[in-house]
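Next up: some structures, all given as structure tokens.
In what follows, chain A forms one complex with chain B and a second complex with chain C.
Let's turn to the complex of A and B:
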């Protein structure tokens, strides 16, 4: 209604912005076929050298890929379980200290990661976990974002559903697993996606907590090889982006819903 | 009364697993590190009062980091908000392809920072694409990433990454405004600019507050890009709080690091509090 007077102008504007937005992805894909001689918009000679190197010749790229994947699956599974339970508790019950606790959840959620770095390190050190994957997985499982999001998601479910189920004699677990969770598929999908992205992209934690570079996930490894063969670099860039992009294509709508729900009301 | 207690216990039981981990990995260590800010020596051996605080305010590196971080927020956040609000206005009316554009603007959010940095290197490195273009045009080539331009590149990266996120939030706010308001105004002969200025923007004020705060918080996340671009010794225009914290971590200066972390915490705490206050005020007005 408002800007309909100039639909072509709008389209042209959006297309040019979209071009900029897509540029890095297009560049990476196109140049993963570079023969690696020099930086160029479009490689002068096409070659599969990057893919051959990364996928076949040197196994350590794929090893890093699997490191990342296992790490992410563990974090996503743990975070989802913990967040669903706690989100339910925050959303549907009253207990002393609840509001203060939830306020703390929001504050910590907004903290840059580095703020808790030292204190986190000290406690993991005392627990003897530094150097193992537990040091990456455990703090991530209890990160407050998931709890915050799941509370917001569960809050949107009308109370009548739950009351009806309770009247029929359903216990709390039953209510959570048979009503709230099935009704919150898109919220849950966005939690999975956002947690996966966060875990997949972690850089600082592995650098600090892991001693053996062999154990590093792909994200760290990629960030350290900034000089080298263009084809190999871009192939790794593609490899690193594939899982998150696949999830994005699949859950794009849910991600948008989840972000919209993460507003503080 | 008894039913009440039982429900409270059930609720607390659901929160308990989270609370245990949250306390162990976040709350308790944080309180610990506050103690660190008043001590010196390994393991917090000597109590030194406010010495670490004085120390850090006199540190040139800390002042540079704080100055850059503020400059980054002051320039980046308004640019990001203006752009994402503009796009949201264009996408708010349903038309074919609106969903496609939304996805295109949102996807940078999921791209690993390390992949992005590869692209930035390709374009802005000394032998990169931009310099090749400059050479071809017979313009002087530059070390973009090791010059004050690094700051602008980082701002661009921040906007590229976060535009879609803000866009979704603005769209949610726009969709919540009843259509009749704008239609009624249009019938009365208001222009689209008048409608935007007098109806849409005032009704979106709560969204603006929230998005403003979230943009600041997200700006702290682009420290990672700054770190990946510049390594431990970045150009001084992108020496951010992150670098200061990282360097002190590597030097094992936990005391200084804790002070800087605590100060960052205080600033963010104040912002969140402000957000809640403003939220309450605007709800009274509306």
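Let's turn to the complex of A and C:
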């Protein structure tokens, strides 16, 4: 009952918090209509120069957008497949060293990416993959977070379903693709969304593994936002926000369920 | 599938198609608005004693804005562009040794290749490293 005191005050406080959270996005959208001279809360002169430059005048920005999109699709597809298979293995099979292996997965998940950057570079260099997109996609596919998430999600499926399927003659793959994955839609949605955002925002990996600036994704360009025309930079920011927002609106109902299922607190 | 998901899919699909069209158009506009340059095919005839001195047409000499040398030559090079190969201008710093012999100037500078395409005229000013449209790539002399 005490939480129902001062409802208007609490509402005003929450609105002001939401405003501060949304402020950078609003600022980017507003400044994408700037004539490019300086950042401002409200641009002194409105212009579509940024949109003309990014969408029509130069193909460089859209090339980076497509680079980002192709990389993200490859990483999300690969990581989803690998995570489902590995999560299934950890969740439903008994084998020696299973707990130790899963503990190692969790340890690797806790490591910052920079820890393995040099060793990854050396391995990829030996494989002759530095300079190609495989250098970005391959390490990202084998994500310990995805394995952990999918194992937790698969663990929530009652054994009775699986036993019934096995009695009907279903093999392991049939059980995975016909029972576990359809029952884990919310977990998969979380995995797809979080992986996409992670891949969409990567900056260090392209800088380290790629040599040709034309191969860089949009995130690398956005990380250098302190240089250049304000209108162009903010238009690129808007462009970068669109796929993530669309994906979020598509999966928002599943996201909370998926994270709750994985028991991440 | 809920109505919201269908709407998001439609919006996403339409945006992707629009961005694909914009990519195609921007590539065309980019190439259409590049500075057009015409080149002189420089063929090296130097001997080892004077390999750093050569004669080039007067119109190939451009002022150097940085004062690090007397003048600049620009040669056309090819590189990977955003969606396809593109030509660009690369500057070469040279010092002028002797002027005005049959419209040619003797300069000293880095060794040029046996065949170099030196820019002699342009439609719009360009900078070092900037992409250009090479109007006479097949012209030999």
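Keep in mind that, in the parts below, the second predicted complex is superposed on the first by the 255 of 265 C-alpha atoms of A that agree within 3 Å, B and C clash if a C-alpha of one lies under 4 Å from a C-alpha of the other, contacts with A are read in each partner's own complex, and residues count from 1 in each chain.
Basically, contacts are C-beta pairs under 8 Å (C-beta built on N, C-alpha and C of every residue); 3 or more make two chains touch, one makes a residue touch a chain.
What you see is a predicted model; the values in this text were computed from it and never measured.
Of the two partners, chain B and chain C, it is B that touches more residues of chain A. When the two complexes are overlaid on their common chain A, residue A:250 makes contact with chain C while staying clear of chain B. Once the two complexes are laid over each other on the shared chain, residue contacts for A:31 go to chain B alone; chain C is not touched.
When the two structures are aligned on the shared chain, A:12 is found in touch with neither chain B nor chain C.
Of the two partner chains, chain C is the only one touched by A:212; chain B is not.
By the touch criterion stated above, A:62 is placed in contact with chain C alone, chain B being left untouched.
Shared-chain residue A:242: touches chain C; no touch with chain B. Of the two partner chains placed by the overlay, neither chain B nor chain C lies in contact with A:73.
In the superposition on the C-alpha atoms of chain A, no part of chain A is touched by chain B in one complex and by chain C in the other.
Residues of chain A that touch chain B in their complex: 1-5, 7, 10-11, 13-14, 17-18, 20-25, 27-28, 31, 38-41, 82-83, 85-86, 88-90, 92-96, 98, 101, 104-108, 110-112, 114-120, 122-123, 138-139, 141-142, 144, 147, 172, 176, 193, 197, 200-201, 203-204, 208, 218-220, 222-223, 226, 230, 233-234, 236-237, 240-241, 244-245, 247-248, 252, 255-256, 259-260, 263-264.
Interface of chain B with chain A (complex): residues 7-15, 17-19, 21-22, 24-30, 32-33, 36, 87, 89-91, 93, 95, 97, 101-119, 121-123, 125, 127-129, 132, 160, 163, 165, 168-169, 171-172, 182-183, 186, 192, 195-196, 207, 210, 217, 220-221, 223-224, 227-228, 241-242, 245-246, 249, 254, 257-258, 261-262, 264-265, 268-269, 272, 275-276, 279. On the chain A side of its complex with chain C, the touching residues are 55-60, 62-63, 65-66, 212, 214, 242-243, 246, 249-250, 253. Those residues of chain C that touch chain A in the complex are listed here as 2, 4-5, 8-9, 11-12, 15, 19, 22-23, 25-27, 29-30, 33, 80-83.
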